[in-house]
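In the two complexes below, chain A is the common chain; its partner is chain B in one and chain C in the other.
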Partner chain A sequence: MESTKSKKITAVWILTVLVLFIVSIVLGILMRLNQGGSIEQTPISFYTNMTTHGMTMIGIWFVAGMAAINYLLQRYIRTSFTINVVALVLTVIGILLFWSSTFIGKFHAAWTFLYPLPFKQMGAESWATLMFLVALTVLGVGWLIWSLSLMTQLLKKYSIPQAFAWQHFRKNPKFETPPFILITMITLVGIIACLISAVVLIVLFFAEYFSSGTFVNDALLMKNITYFFGHTIANEMLYLGLAVIYELFGEVSGRPKWKTTWYVALAWNFTLVFILTAFFHHLYMDFVQPQGLQIVGQLASYLASLPAAGVTVFSVFIAVYRTEIKWSLVNLLFFIGIAGWVIGGLGAVIDATISNNFVLHNTLWVPAHFHTYNAMGNVLFSIAFFYWFSTRQFTQNFKVAKYTKWTLALLLIGGIGFLMAFYIAGADSVPRRYSIYPSEFTTAAPLANLGAIFATVYLIAILIFFFNISKRCLKILSLPS
Partner chain B sequence: MEQRSILLLFLVLAGAATIVFTLVYLSSRKPERSGQGMSNPLNKRFWFSLILFVILGIFSSVTIPKSPYYLFADETPTKVIHVSAMQFAFFLSENAIDPKSPSNETIMLPANKLVEFRVTSMDVNHGFAIYNEANRLIGQTQAMPGYVNRLRFKFKEPGKYSILCLEYCGMAHQVMRSSFVVK
Partner chain C sequence: MFKDIVLAVIAVGFGLLLNAQSVSSGLKEEANIYGKVFDAPLRVAENDSLLFHGLYNRKPLILALVFTRCYGVCNPFLLRLAEYIQLRDKDDSFSVLVLSFDPKDSVDDMKLLGKRYGLENNTQWTFAVTDSIESLNRSIGFYPSWDSSIEQFDHDALLVGINNEGFITKKLIGIRQPHDLDLLIASVNNIFSPTYRLPNRNALFSCFNYDPKTGKNTPGLGLLFIALPAIVTVILLLSISYFVRHKPLG
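Moving on, here comes the complex of A and B:
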C-alpha cells in the first residue's frame, strides 16, 4: 500500500514535470515564432532554446513515466523512498546545471550533442561544455540508481523468468506475471542498457576533453552510441506510459484487469529486442555504416509496430469495443493518447524506410512524427496518470465535466494544427533545426507562425490541466504525515 | 517516393486510424446486451497481426532494394566530385581536397550521367543535401569527420542545384550552403 510520503513525493514529481513542461512549451513556441519571422532572436539564443527545449522535454517525460511506475509498483513490491528522493534531487540539480550551461554558458549543441560538436561550438562560454557534461553525469547517475533500485526490488519478489513472463510460453502456467510487472521489467532493461551507454559516452567525452588533444574519439562510433542512448530513452518513456495503461485502463473503466497471456509475453519480449536495434535508423544517411546494420534498422523499426499494434492497441480496442465502459477523463486521455501514438508511429515507420529517409531525413518530417507520439501520445498518458493520482486521493468520481470536454477540444485542435504545420513543411523539404529559413522556402515561415498559434492553443489546454492537477497535488503535500 | 506522395500516404493512413478509433469509441456508447464486447477476439487479433505482418513484409521487400546504397552500385561514375564540409561552408572540387588549404571550384555536371560525390567533414558532422530548382530535397548523405560517404546520383534535369547542410552544426547552420550546375 502506498504511504503518505510516497504520495507526497509523487506529487512533487508531478508539479516539477508540469512546471518544466510549460516552460519548455513556451521555448518551443518562441522557436516557431522566430522561424516565422514574428520575433527576432540571435541564432545562438535560438539554438540554446532548442537545446534546452529538447533535453528538458526528454528528461521530464522520462521521469514522469518513472515516477508513475514507481508509485504503481507499490501495489506489488516495496520500493525505496530514499532512492526516489535521491532521483528527484539529482534530477533537479542536473536540470539546473544543464539550464546554466545553456542559458548562461550558451551551450547550444542540441539535445543530441553529436560528437564532436560540443567541443566545437562558436559563441559558447569555454566552461559551458564541461558544465553540460557534468549535468548529464548528475542526471545519468540519478536515473541509473533509480532504475537499478526498482529492478533489484522487482527481482527480490519475481525470478528472472517470472519477471519476463517466460512461464506463459508453456500451457497452463502455474504463476501469472501481472502485465504491469512484465512491461516494467522489459522497460527497465532497456532503460538500464541505454543509461549504461550514456555512461560510456560521457566517459569518452571526458577522456577527450581532459586529454589535451592526445585522445580523439571516432565520430561513427560516437554517433552509434549517442543514438543507442537517445533513441532508446525517448522510446522507453513511451513504454513506461504503456505500463501505466496496462495497469489502470481496466480499473478506471470498470472492466476486468488486463491479464498476461502467451502472446502478451511474446510481444513484450520481442519489443525489447526491436527497441534496442531500431536505433540504427538514425544512421541511414551515414553510408559508411555497415549495410547489414542499416537493413536491421529498417526491419526492427517495422517489426516494432507488430507487438504494439497486434497486442497493445488491439487490447485497447477489445476493452472498448461494444463494452459498457465507464468513460472518464483518465481513460479518455489514455484512448486519445493511444491514437496519437499510432498516428505518430505511422509517420515514424514511413521515415524509418531507408528509401523515404533519403528525402525526409532531418527535414521537419522528423519533429512532425516524434511530436505526434510525444505531445499527443506520451504526454496524454502521463497527464491521465497525474489526473487519476491527484483525484483519487479525494474522490472516486472521475466523470468528465463539461468544461473538460472543451479542454480536450483545445488540446486536440491545438495539437493537430501544430503537428500539421510540421508535416506539411516536412513534405515541402523544409530543413529542421534552422533558426530562420532561406527565402526560397516560401511556405516555411507562414507554417511556422501557424504552428506557433496552434501550439499556443495546445498550451492553453495544458495550463488548464496544470491548474486542475497542481491544485490537488498541493493539497496532497499539506496532508498530515 | 516523392515527399508529396509520402504526405498523401500518411494522411490516408492517419485518417483511417482516426476513423477506426472513432468507431471503436462510438461503439462503446451502444454496448452489446451481453456486455461481452468483441466476439472471438483471439481469432481477430491473429488475423489483424498476420495481415499487418504481410503488409510490412511487402513494403520491406519493395523498398529495401531502392535504398541509396544500391543506387548505381554496379556502374562506374563519369565524374567524381570531392566534397569537404566545415563550419559553415562546403568545399567542392574535382580533385582531392587538402584540409590544410581547402579550395572551392565552380562545379558543372553532365545531365543523365553518373556522378559520385565523396563527402567528408573537416570538423563536426554536417549534412550534404541536394535540392533541385523547385527546392525539393532529392537526395542526401552525411559529412562526417574521419569518414568518406559516397553518394551516387544521375541528374535528369539541367539547372542549378543547391546544397544545404541538413545536420545541425552550430550557430550558422542555417546559412551553410553551396550549389552546382547541371548542363
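Moving on, here comes the complex of A and C:
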C-alpha cells in the first residue's frame, strides 16, 4: 500500500518535473525563434540553451518515469522511502550544478557532450567543464543508487527467471509475472547498464581533465560509451512510461488488467538484450568503427524496438477495439502517447537504417523523431500518470471535462504542428544544431518560426495541465502525515 | 579535530580545482578555418592587379606567405612546395599564390623570387604583393612580428588552402610531408579526407591497435570498456539475487 509520505514525495517529484519542463520548453522555443531569425542570440547563448534544454529534458522524463514506477511498485513490493529522498535531493543538486555550468559557466557542448568538445573552452568559463562533470556525477550516483535499490527489492520477491518472465516460454506457467514487473525489471537492468557506462565515461573524462595532457582518451571509445549511455537512457525512460501503461490502462478503462503471455515475455526480453547494442547506429558516420558493429547496430535497432512496439500496440488495440471503454484523460493521454511513440519510433528505425542514414544523418529529421516519441509519447505517458496520481487521492471520477477536450486539442495541434516543422525541414535536408541557417536553406527559417508558434500552443496546453496537477499535488503535500 | 580534517580536505580539493586545467590544445592550424579570406587587391606585375577572389574563383588556391629578404624558413619552405607540386605531375586542380607579407617587397622582388625557382612562366604559380596585408593576415590568422635586432620577421611557414568560394579549408604550419599536402589539396577541392589521431603513448585505452608492420588492427583495451557496463550489470544482478535470496533468517 502507498503511504502518505510516499504520496508526498511523488508529489514533489511531479512538481519538480513540471516546473523544469516548462522552463525547458521555453528554452526550446527561444532556440527555434533564433533559428527563424525572429530573435537574436549569440552562438554561445544558443548552444548553452540547447545543452540545458537537452540534458534537462532527458533528466526530468527519466526521473518522472522512475517516480511513477517507484510509486506503483508499492502494489507488489516494499520500496525504500529514504533512497527515494536521496535520489530527489541528488537530482535537485545535480540539476542546480548543471544549470550553473551552463547558465553561469556557459558550458555548451550539447547534452551529448561528445569528446573532446567539453575540453574545448570555446568561450565558456574555465571551471564550467569541471562543474558539468561534477553535476553528471551527482545525478548518476543518485539515479544508480535508486535503480539498484528498486532492483534489489524486486529480486527479494521474484527470482531472476520470474522477474524476466522466462516461465512464460513454457506452456501453462505455474507463476504469472505481472507485465508491470517484467517491464520494470527489464528497464531497470538497462538503466543500470547505461548508468555504469556513464560512470566509465565520467572517470575517463576526469582522468584526462586532471592529467594535464599526460593521458588522452580515444575518441572512438568515448563516442561509443557516450551513446551507450545517451541512447540507452533515452530509450529506457520510454519503457518506464510503458510499464505504467501496462499497469494502469486496463484499470482506468474499466477493463481487466493486462497479462503476460509468451509473446509479451519474448518481446521484452528481446528489448533487454538488443537495446544495449542498438546505440551503434549513432556511429554509422564513423569510418573507423568496424563494419560488423554497424550491422549489429542496424539489426539491434529493429530487434529492440519492433517486437516491444508490436505487442504493445496489439495489446492497446485489443483493449479498445469494439469494447466499451471508460474514456478519461488518463487513458486518452496513454492512447495518444502510444501513437506518438510508434510514429517517432518508426522515424527512428528509418533513420537507423544504414542506407537512409546517409541522407538523414544530422538533419532535422533526428530531432523530429526523438521529439515525437518524447513530446508526444513519453511526456504524455507521464502526464497521464501525474493526472491519475493527483486526482485519485481525492476522487475516483476521471471523466473528461469540457475544458479538458480543449486542452487536448491544443496539445495535439501544438505538438503535431511543432513536429511537422521538424519533419518537413529534415526531409528538406536542413541540418540540425545550427544556431542560424545560411541563406541556401530557404525553408529552414520559416519552418523554425512555424515550429516556435506551434510549440507555444503546446506550451499553453502544458501550462493548463501544470496548473491543475500542481494544485492537487500541493494539496497532497498538505495532507496530515 | 573532525572540523579540521574536513577543512583540510576542502582546502586540498579547492587547490586541486585551481590547478586543474582543461586540455585545450589551442592549435594555431585550427584558427580561422571555414572563415572567409579577405578579398585583398593583389599586384602581380607593375600594371597588372586583381582582387583575391579573381584568383580563387578560377581555381581553388594554395596560399604561401613569404618575404624575399628572409634568410630563414621561407626558401626551404618554398623549395619543398615547388618540388612537391612538380611531383604531382600535371595536377591542375588548384593554383598556387606566393604572396609577400613584407610591405617592403615589390612586384619585381616577387618576380625575381619566381625566377629563382624556375617558375616565372608556370601558369599554375602566381607571385604577388598586396597593400592590404594586415587585413589579409587577420582573416587567415597569420601574425608575423618584426624583430628589428636581426632585421627579420619572426613568422610561421604557413600554407593556407582556400576553396573556390574563398573559404579557408585547411592550414599547414611548417615544412610538411607530402601526405599533409595531399590532404590540403583534397580539402580545397572539397574532397572528404578521413582523419584520425596518430598512435599516442598517452592514449592507453584505444579500441583497436594498429600495427604498421602488418597493417592490421588488433582489438585494444578500449573494447573492454564498451563491454564493461553490461558485464558489471550481469554480475550485479546475479550477486544481488544471490544475496537477497540467501540472506540468513533473523
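Everything below uses one rule, namely that the second predicted complex is superposed on the first by the 479 of 481 C-alpha atoms of A that agree within 3 Å, B and C clash if a C-alpha of one lies under 4 Å from a C-alpha of the other, contacts with A are read in each partner's own complex, and residues count from 1 in each chain.
The rule is simple: contacts are C-beta pairs under 8 Å (C-beta built on N, C-alpha and C of every residue); 3 or more make two chains touch, one makes a residue touch a chain.
Please read all numbers here as calculations on a predicted model, not as lab measurements.
**Student:** After the chain A overlay, clash or fit between chain B and chain C?
**Tutor:** In the superposition, chain B runs into chain C.
**Student:** I'd like to know which partner A:327 touches here: chain B for first, chain C for second, both or neither.
**Tutor:** Only chain B; A:327 stays clear of chain C.
**Student:** So in the superposed three-chain picture, is A:212 touching just chain B, just chain C, both, or none of them (first/second/both/neither)?
**Tutor:** Second partner only.
**Student:** On the A-aligned overlay, A:145 touches which partner chain: chain B = first, chain C = second, or both, or neither?
**Tutor:** neither
**Student:** In the superposed arrangement, which partner chain does A:189 touch: chain B (first), chain C (second), both, or neither?
**Tutor:** second
**Student:** Once the shared chain is lined up, is A:463 touching chain B (first), chain C (second), both, or neither of them?
**Tutor:** neither
**Student:** Return first, second, both or neither, reflecting whether A:23 touches chain B, chain C, both chains, or no partner chain.
**Tutor:** In the superposed model, A:23 contacts neither chain B nor chain C.
**Student:** If we overlay the two complexes on their shared chain A, which of chain B and chain C does A:220 touch? Say first, second, both or neither.
**Tutor:** Both: A:220 reaches chain B and chain C.
**Student:** If we overlay the two complexes on their shared chain A, which of chain B and chain C does A:77 touch? Say first, second, both or neither.
**Tutor:** neither
**Student:** If you count the residues of chain A that each partner touches, which comes out higher, chain B or chain C?
**Tutor:** When the residues of chain A touched by each partner are counted, B comes out ahead.
**Student:** Using the superposition on chain A described above, determine whether A:160 touches chain B (first), chain C (second), both, or neither.
**Tutor:** second
**Student:** Considering only the stretches 19-27, 55-63 or 145-153 of chain B, report the one that runs into chain C.
**Tutor:** Clashing stretch of chain B against chain C: 145-153.
**Student:** Between chain B and chain C, which residues of chain A are contacted by each of them?
**Tutor:** 116, 120-121, 218-220, 287-288
**Student:** Which of the residues in chain C come into contact with chain A in the complex?
**Tutor:** That would be residues 16-17, 20-24, 194, 196-197, 200, 202-208, 220, 222, 225-226, 228-230, 232-233, 236-238, 240-241, 244-245 of chain C.
**Student:** For chain A, which residues are in contact with chain B within the complex?
**Tutor:** 43-44, 47, 108-110, 112, 114, 116-117, 120-123, 218-220, 223, 263, 284-288, 291, 294-295, 298-299, 302-303, 305-306, 309-311, 314, 317-325, 327, 335, 338-339, 342-343, 346-347, 350, 353-356, 358-363, 365, 423-424, 426-429, 431-438, 440-441
**Student:** Quick check: in the complex, which residue numbers of chain A touch chain C?
**Tutor:** Result: residues 116, 118-121, 126-127, 129-130, 148, 151-152, 155-156, 159-160, 189, 192-194, 196-197, 200, 204, 208-221, 224-225, 228, 276, 287-288, 290 of chain A touch chain C.
**Student:** For chain B, which residues are in contact with chain A within the complex?
**Tutor:** It comes out as residues 1-4, 6-7, 9-10, 13-14, 17-18, 21, 24-25, 27-28, 30-32, 35-38, 41, 44-45, 48-49, 52-53, 56, 59-60, 63-64, 66-69, 87, 123-125, 127, 129, 131, 135-142, 144-151, 162, 164, 166-175, 177.
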